[in-house]
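Chain lettering (A, B and C) follows the sequence in which the chains are written, and residue indices restart at 1 in each chain.
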Amino acid sequence: MTRGLWAHVLQGIGTTLQLLVYSALLAGAVSFVVGAARTHRSRLVRFVAALYTEVFRGISALVMIFWVFFVLPVAFGWQLVPMWAGTLALGLTYGAYGAEIVRGALRAVDPAQREGGIALGFSPWQRLRLVLLPQAVPEMIPSFSNLLVELLKGTALVSITGMGDLAFSGNLVRLALQQSGQIYTYLLLIYFVIAFLLTRGMRGLERRLKAEVAR
Amino acid sequence: MSVETSKQPAATGTLPTELIRLEGVTKRFGDNTVLDGLDLSVDAGRHVTLIGPSGSGKTTILRLLMTLAKPDEGTITVDGQRLFPAPEKQVREVRKKIGMVFQQFNLFPNMSVLRNLTEAPVRVLGLSKDEAEARARELLDLVGLADKCDARPTRLSGGQQQRVAIARALAMRPRVLLLDEVTSALDPELVAGVLDLLRDIARSTDITMLCVTHEMGFARDISDQVLMFDAGRVIETGPPEKIFGDPEQERTREFISAVL
Amino acid sequence: MTWDWGAVSDFMPFFWKGLVVTLEALALGSLISFALGLVWTLLLRTPTRWVRWPVGVFTEFVRDTPLLVQLFFLFYVLPEAGVTLSPLTTGVLGLGLHYSTYTMQVYRAGIEAVPAGQWEAATALSLPVRRTWAAVILPQAVRRVVPPLGNYVIAMLKDTPMLMTIGVLEMLGRARLVSQQHFQFTEPLTVIGIAFVVVSYLASLLLRTLERRLVR
């Protein structure tokens, strides 16, 4: 492989990482908002949040990407920059999975903790922020770690729209060299290394958070 | 069924003021009626103990007062303000006057002992951090745990945790303190310390106490009124000497001889 | 926004064809993943670490890298090595291989969840190893294995559109084909979006019923 081709791959890694960070941030925000909403007192709020998770988990991520890239501009006139379109599609989809993680962890907190919060006069929001979330978050980390790897794998889907991420750079190289074994092996290895670093990082984070609570 | 816990008007002539009033309170869990049209009135400063077999509805009364559960029928009034039925905002206001100590302590494991005591006074009552900390340290001193400020609750023994929980409830300066079988989860040798502390508090403050307990000695010691519950109703009421010494009801006699 | 019901009805015949291909890929992919996952599980229980270690690394590698790139790999690299498969076959193999690294974890968890006392009781009764597996361990593991396997089938359903990229005309592939001919993307894409939500919701209902049956 020539240096020029490697430059494409490097650029692809940059795009993939950028997309990963943005969509992870959006997915994280969606996870907490929708996950907490699923434990809300109001039935309507719970229903809307449940509907969101069912719909966005139900739609395939790739269909969602097509929808954001090709239907939004035509049907609603919203033409998004590819990076934001990708962030939106991935963040909303993977956020629906994350919401289930948040909901599960919140429900796993001992109900006595909620009662302790009520007895001290905390509002529902204060109970969530001061009592429930600090206890639930460390329990979420392993699941979020898995979800982050799924999201990394999901970022490859944007290459189908022509966005120049890591997977897309593979297509360029294949076309240039008329040979594909080498480049796809490299791509898989690069994804694997990124995933490995992500899971390691999350494991460290989990250890730190758990030590914090159990100090 | 009506129960008044007020003593005869004292000779000095100051009328006791009613702090808690339950009227026609019914609570069902499925087909099981735990409380059946209960009327109950507790005057300010009283120490009332609820006794009776398990499942008789004692704990449910505390949980209704703490708004951890809602009655199916009836009204609850605390300090002249409606607690049920009432809009959420008022519930939150009234709830500030009530504190509760739980069987399982329910301390927050994610906060230090000190922060367990300061968090609610700061966030709910709006105290400054310094005020809340001063108050918390004073209370921890009172319960004999001044040296555990920075410890995590999970590092303490059950007895120590329960003393922290008592201090935490007191940090809110409640008018009513609800005590829900506060010694049942403790190892036998730790019970005495917690009961002594509660006795001190009962003697030295004017907090109204509602106490569910199986410790009859403690109940006799601390309370000026004992209510005997059976199947969602109060079947007998009176001063501890009478209930423990010469109960009128056969059911009360049976229960007391069984637990003593 | 404009919505053209005519475009919807034009698309429907292609949609049904695409749905059949999607379900076909899903069924075959599931079967391969169930079987191959079992192979990984058994290999990981062999006594020699010279088998366990490579299998462990390989399966983790497959699980942590994008299915899309794996599909490209199979589709473009296999022919270079002299193996030519149809797009659908390649896609089904890719799905099956990728998801076998998940079903493997399900099997392992199912087996590990059988209490150690069951093994000990079987030993105490001098049951032979094969009998222990067939009569004691597997029947108890199956109940724990079916629900998560079902969830992975649903997850695989949502990954089937990727097969479009290697030329399989499943639902998304048909939608793209039709919309490129008629320059109308909104309707076909919305139809299959709804189809995915409906099918995966129905599948999860089915799975919940099955779960309740198994628990009993």
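Assume a residue touches a chain if its C-beta (ideal position, glycine included) is under 8 Å from a C-beta of that chain, and two chains touch if they have at least 3 such contacts.
In this text, all values refer to a predicted model and were calculated from it rather than measured experimentally.
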Problem - Chain whose mean Cα position lies farthest from chain B - result: C
Handout entry: Identifier of the chain whose CA centre is least distant from the whole-structure CA centre
Key = A
Practice task
Go ahead and note the Å separation of the Cα centroids belonging to chain A and chain C.
Solution key: 21
Problem - Mean-CA-position distance for chain B and chain A (Å) - result: 46
Exercise for the section: Could you give the separation in Å between the centres of chain B and chain C, each centre being the mean of its C-alpha atoms? Expected result: 56
Fill in the blank from the handout: chain C residues touching 2+ other chains are none
Fill in the blank from the handout: Within their complex, chain A touches chain B through residues 112-113, 115-116, 118-123, 126, 130-131, 134-135, 213-215
Handout entry: Complex contacts: residues of chain B adjacent to chain A
Key = 66-68, 92, 95-96, 98-100, 102, 104, 106-111, 119-120, 123-125, 152, 154, 168-169, 172
Fill in the blank from the handout: Residue positions on chain C within touch of chain A in the complex are 1-2, 61, 64-70, 72-73, 76-77, 80-81, 157-162, 164-165, 172, 175-176, 185-186, 189-190, 192-193, 196-201
Handout entry: Partner chain C, residues of chain A touching it in the complex
Key = 54-55, 57-64, 66-67, 70-71, 74-76, 149, 152-157, 159-160, 167, 170-171, 174, 179-181, 184-185, 187-188, 191-192, 195-196, 199
